[in-house]
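Structures follow.
Both complexes shown next keep subunit A, but they swap its partner, so subunit B is in the first and subunit C is in the second.
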Partner chain A sequence: MSELPAEPPPLWQRLLSRQALGGWVLAATAVVSLLAPLGLDDAQLTIYVFIGLYTMVVAGLSLLMGFAGQVSLGQAAFFTIGAYTAAILTRDAGMPSLLALAISTTATAGIAALVGLPLLRLRGHYLAFATLAFQLIVLSAISQVPQLTGGDTGLTAIPTLSLGPIALHGQFRTFIFAYVVWVLAAGVLVMNRNLVRSRPGRGLRALATSEVGALAAGVPVTRYKVQVFALSAGYAGLAGGVYAFFVGYIAPETFPVLLSVQFLIMAAVGGLGSVWGSVLGTAGVYLLIQVLDTVGTAPGLPASAPAIFSYAVYGLVLVAIMLYLPQGVLPAIQARLVGRRAVSAVEAERSTRAS
Partner chain B sequence: MNAFVQDLLSGIATGCTFALVATGFVVIYRVSRVVNFAQGIFAVLAGMAAESFLARGIPHPMGEILGVLAGALAGGGVGLAAVGRRNTPPLASLIITLGIATGAYALLILIWGDQPVSYAGIAGTTHAGPIRIQNQFLLVIGVTALTFAALAAFFGRTYLGKALTACSSNPHAARLVGIDVRAMSLIAFVLGGALGGLAGVLLTPIQPVSFDSDVDLAINGFAAAVFGGIVSPGLSLVGALVLGIAEAIVAGYFIPSFQTGVALILLLALMVWQATRRRATEQEGT
Partner chain C sequence: MLEARGLTRRFGGVVAVDEVSLEVAEGELAGVIGPNGAGKSTLFHLITGHLRPDAGRILFGGRDITSLGPDRRARLGIAIAFQAVRLFRGMSVLENVMVGAHAWSRSGFWEAFFRLPRHRAEERRILDRARRALERVGLGDSADRPAESLPLGQQRIVQVARALCGEPRLLLLDEPASGLRAAERERLAQLLASLRGEGLTMLLIEHDVAFVTRLAERITVLDHGRVIARGPAAEIRDDPAVVAAYLGQARERASA
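And now, the complex of A and B:
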C-alpha cells in the first residue's frame, strides 16, 4: 500500500482556518488604517502621525531587543540625531527635504554602527546602562554647541517636507503627512518581517540565546549585532527626521530620557520581537497617554497632575507587563487564538535558566 | 592652592556619596545579578523623607535614620517586585527596576512636589591652618568610612554576610548547603536601599535633591561600581573618589556643565575596556 501525500485542503478552507486568521486581521488593519485618515480631523490626524512615527522606532527597538537580545535604553538618542541632522541640513544648509531625510537616516545608522562597535561588546545590564549613558551624552553635546544646534532653545522654523517645488503646506498638510508616515511605517514593518524570516534573522535569534553557541554555528555575531543596531537606529533616525519636518520645532527637552522609556514600554506591551505587535503596542500606549493628558489637565487638578499620571502609568504598565505578560499583549492574544504557547525572548531565557 | 585643596575635599565628599550609591549597586548585583535602575531613587526618597521628618520636629540624627529606613523599605519593595517571583530572568528584572524608578517619580512629585528639597546639616566650618572645611563634608567622609568598615566586618565576620557572599560566588552551591538564595536576594535589596538612603540623607544638605536627581546619582554610582566590576565594594570606593575629585576639578577649572559628561565618557570607556579583557564565555548570562 503506497502512501499518497495528503491532499492540501481546498483554498476556501485554508482561508477560513485559524492559522489564516492573522492574515485577515492584518489585511483588515491595513485597510482600516488606510481609510482612517479620511474620517479624522486635524488634531486626531496629528495623533495618527505620531503613532506612525513611534511605530517605526518601536519596530526597530523590538527587533533589537526581542530578536537580537540586545537591550537599548537610549533609542530616543537616535530619534534625536535623525531629527537634528534633518533639521540642520534643510534649515541651515538649504538642502531639499527628501535628500536631507535620506542623508539623516543614513548618518544616524552610520553613527550607530560606529558607536555600536565598541558598545556592543557589552552585554545585558552593561549595554542597557551604556545606551542610556549614550543618550545623556548626546543631549549634553547638543547643549554644548549652540551655534549649530541652537543649544537649549532648540531649532525653530524647520522647513516642511517637499517634493521639488511642491511643499506640504495648507489645509491638507497633516492629511498628507498621515499617508507619508503610513507608507514609511508599513515599509519598516514589512522589512522587519522579511528580515525575521531570513537566514540572518535566524542567526540573530541564535545569538540572542547564546552568543558562543551562535558563533560556533558560524553566525558572524559581531557583524550581525552591529548591523541590526544600525538598522534599528536607522528606523529611529528616519522617524526623527520626519518628526522634525512635521512639528517644525525641536529642542533637547523634546527628547528626554523618558522618551526612551516610553519606546521601551511600547515595545514591551506589543511584545519584544513581535513585528506586528509594535503597531499595537505603540498605538495602545500612545492613546493611553493622550487619555491621561486629557484627564490630567481637567479643571480642579493641580498642575503636576499630568506628570504624576504619566509617570505612575509608565511604571505600573512596565512592571505589570514584565511580571504577568512578559511575551507582550499581541503574542499572548495570538497564542490564545491559535491554541499554541507563545514563547518570547524573555521566556526562552527563563526556560533555559530554569533547566 | 587653598582653593584647590578645598575643591579636592568637596570632591572627596561628593565621591563618598557616589561610593555609597555604588556599594548599593554592588551589594544587590552580587547576589541577585540585577543592576538596579532604581538605586538613585532610594537616595532621593531618603533625603526627602528625612527633610519631612526633620520639619515635623523629629531631632537630628533620628530624622536621618528614619530616612535611611525609608530607603531600606523601598529597597525591599523593589526587590520583591524584581526578584520575588521565581525564575524572573535578569532582562525582565532590569526592566522592572526601570519601571519602578519611573513610577516612583509619580509618588515623589505627589508627596514632595517637583521643587528641590534640602535641609540644614551640621553647621559650621573647621579650620585647619589656612584651609576651611564645612563640617558637613567631614561628616559625610566620616560616616562613609565607618559604613565601609562596618560592611567589611559584616561580609567577613557574620553568618548572614558570609551567606550573601556565598550566593554571589555560586548560587547553586549556596542552595545545596541550605541557603535560601531568594531570601538573600531580598536582604541584599534591603541593604542596597539602606546604603542608597544613607547617601541621600548625607547629600541633601550639600546639594538639594529633586525627584529626578536620581539619574545623576545612579550614573555616577554605577560608574564607580563598574570600576570594581560591580562586585567589589573596595574598588568601587576608589572609583567613586576618583570620579568625585575628577568632577570637582573639571567643574572648578574647565567646563562646569560638562561634569556629568566626564563621568559618562569615563564610564563607557571603562566598561568597554573591561569587556575586551573578559572572555565571551565568562559573560554569558550576565
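And now, the complex of A and C:
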C-alpha cells in the first residue's frame, strides 16, 4: 500500500476514459435518435427504423460472440421466427399486437434455449455451423407448411402495431414507428450494459477465455451460455416481430442467409462485446449497403451487380477488420483516444504467448 | 470435512491416480507431495470435479459429491488455485477476483438487467470482498492492471485471491509458490498460516518440501498415482520410501 493517495487523472483524461466514453456515446445517441426523425423524410425514416431493428439483433449477437465467445451464423433465423410468430398471432389468431410481440419474443428465446442446450455443450465452431443449419431448416420448414405460413408466397396484410383501439396508421406511421423502435433499441442496449457490468456479465466474460477457470470460480457455464444465446435470440425475435408489423409483408426470401452474415459483419465492425459499438456497426454497415445498392442499380449495370457488390464489400470489410481492427471500430477509436487498451492488448498477447 | 475413497483415474494406459484415499479434517492444512507426474494435480482435479474418477467416491461435509460438476462444488465451498494458471484475459485483476464471488452470490440475468436494489447491494458486497482478498494476498496495487500483464507467479496468487473471494470452506492450492521470489514466497507462507489460524481447511501441493513441512501438519506422499506414505511432516521426511521416491528424484534434479 502506498502512503500517498493517488493523483486523480486530469479532467480531459477522465472525460475520455472508457466508462465516460460509453456515457458520451450514450448521450449523443440519445440526442441524435430523439431529434433525427424530425428532419427525415419517409424513405429516410424507413432506413432509420431498419437500423434500429438491426441494432437490437446486433446487440444480442455482439453479446453472444464478444462475451460468451460463441459464434452464431444463423441469427436471422430468430429474426424470422419472431416475425412469423408475431404475424401469425395477430393476422390469423387475432391477437392484440403488443401481446403477440411479447409472446413471439419469449417463444423465440425459448426455441433458442431448446436448440442451444445440446449445442452449447459442444466446443469450437459447432454452434456456428449448427445455427447456419438451423436457419436453413427454419426457412424450409416455413415453405413446408403453407397453410400456416403462406409458403413461398409469404404472409401479406399483417396488422400494424396497435395499443388498444389506437393503431399505427396514416401520415405519421413511419415517424411513430421510428420512436417505438429506438425506444426498444435503447432498452436493449441499456439491458446489455447493465448485464455486462454485473455478476452474470463477469461470469460470461470469464467463460469466454477460460471455461475451466470459470467453472472453478462457480460460474454455471452451460446455463450462462444457454441464457445468453436465448437472450440474443429474444432480441432478434423482438426485432423480427416489430419488422413484421412495420413492413406488413414477410416471405422466406425476406430472411436470406446473407442477412445473418450482415448481422455478423455489423457486430464485428462495432466490436464484439462492445455494447455501444453495436449501434455504430449497424448504422455504418447498413448505410454502406444502401449506397452499394444505389450504385449497383445504376443504369447499364447487370441485374446481379448489387449482389456482387455487397458480397465483395462484405468480404473486404471483414478482412479489413480482422487485419487492422480486430477488436472492432469503436473500441479501436477508444484505444487511440485513451491509449490504455492498446497497451493491455499487446501485453495480453505477449503473456499468452509466454504461458 | 473432505473424504476421498479409492479414487482412480486413468489416461489411456497411464493410471494417474490409483486407488487414493484421503481425509482432511476441518481446519487442517494438509500437504500433498510427490515427484513430477505422481498424480497430485489429477487428484486435485478429481476433488474439484474438473475430472471424473473412473472409480471411487468423494464426500464433502458428509455429502457424496462424486457426481456434481465443478461449478456446483465451487458453490458448496471447494475452491482451487490451479498449477496451470486459469485467469480471464481482457479482464482486470480485480474483475478476475470478483468472478470468484460466484460461489456465494446469486444475482442472475434479470436482476442484472433491471439493477434491482438487492442486486446493487450484492454488487457492492462482491467488490468489497474482492478488494479485501486482493489486499490480503498483497496485490492491492495491481487491481486495475490486466490480469495477463502480471508475471506468472503473481497470476497464481491472483487465483488464490479469486478463490478467497468465493469464501471457500476448502481451499486447494496446487504449487502456489512456484514462480515466486523469496520475499513473495515468505508472504504466501504467512498468508497460509493466517488463513489456517482463521480455521480455513486447506490442501497444499508443493515441490518445495521445506515449504510444505513448515506449514502442513500432515502430509500425504504420492508416487505413480499411489499413496506411498502419510503422516506428520517430521516423520515423512525420514520415511525411506519417500526418500527413495521423492527426495531422491529431487537430488537428481538438483545435481543435474
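Assume the second predicted complex is superposed on the first by the 318 of 355 C-alpha atoms of A that agree within 3 Å, B and C clash if a C-alpha of one lies under 4 Å from a C-alpha of the other, contacts with A are read in each partner's own complex, and residues count from 1 in each chain.
The definition used in the following text is that a contact is a pair of C-beta atoms (placed from the backbone, for glycine too) under 8 Å apart; a residue touches a chain by one contact, two chains touch by 3 or more.
Keep in mind it's a predicted model, so treat the numbers as computed, not measured.
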item: Chain touching more of subunit A, residue-wise (subunit B, subunit C); value: B
item: Partner chain in contact with A:Pro306 - subunit B first, subunit C second, else both or neither; value: neither
item: Touched partner set for A:Met191, first subunit B, second subunit C, both or neither; value: second
item: First (subunit B), second (subunit C), both or neither touched by A:Gly203; value: second
item: First (subunit B), second (subunit C), both or neither touched by A:Val212; value: both
item: A:Gly270 touches, of subunit B and subunit C: first, second, both or neither?; value: neither
item: Set intersection of subunit A contacts, subunit C complex versus subunit B complex; value: 210, 212, 215, 354
item: Complex interface listing, subunit A residues touching subunit B; value: 71, 73, 118-119, 121-126, 128-130, 132-134, 136-137, 140-141, 143-144, 210-212, 215, 257-258, 261, 264, 268, 304, 307-312, 314-319, 322-323, 326, 345-346, 349-350, 353-354
item: Subunit C-facing residues of subunit A, complex; value: 1-2, 191, 194-195, 197-203, 205-206, 208-210, 212-221, 227, 231, 344, 347-348, 351-352, 354-355
item: Subunit B to subunit A touching residues, read off their complex; value: 29, 34-35, 81, 85, 87-92, 94-96, 98-107, 109-110, 113-114, 215, 219, 222, 226, 255, 257-258, 260-261, 264-265, 267-268, 271-272, 275-276, 280-281, 283-286
item: Contact footprint of subunit A on subunit C as seen in their complex; value: 48-50, 69-71, 74-75, 79-80, 82, 85-91, 95-96, 98-105, 107-109, 111-115, 119, 122-123, 126, 135, 140-141, 145-146, 148-150, 152, 159, 162, 166
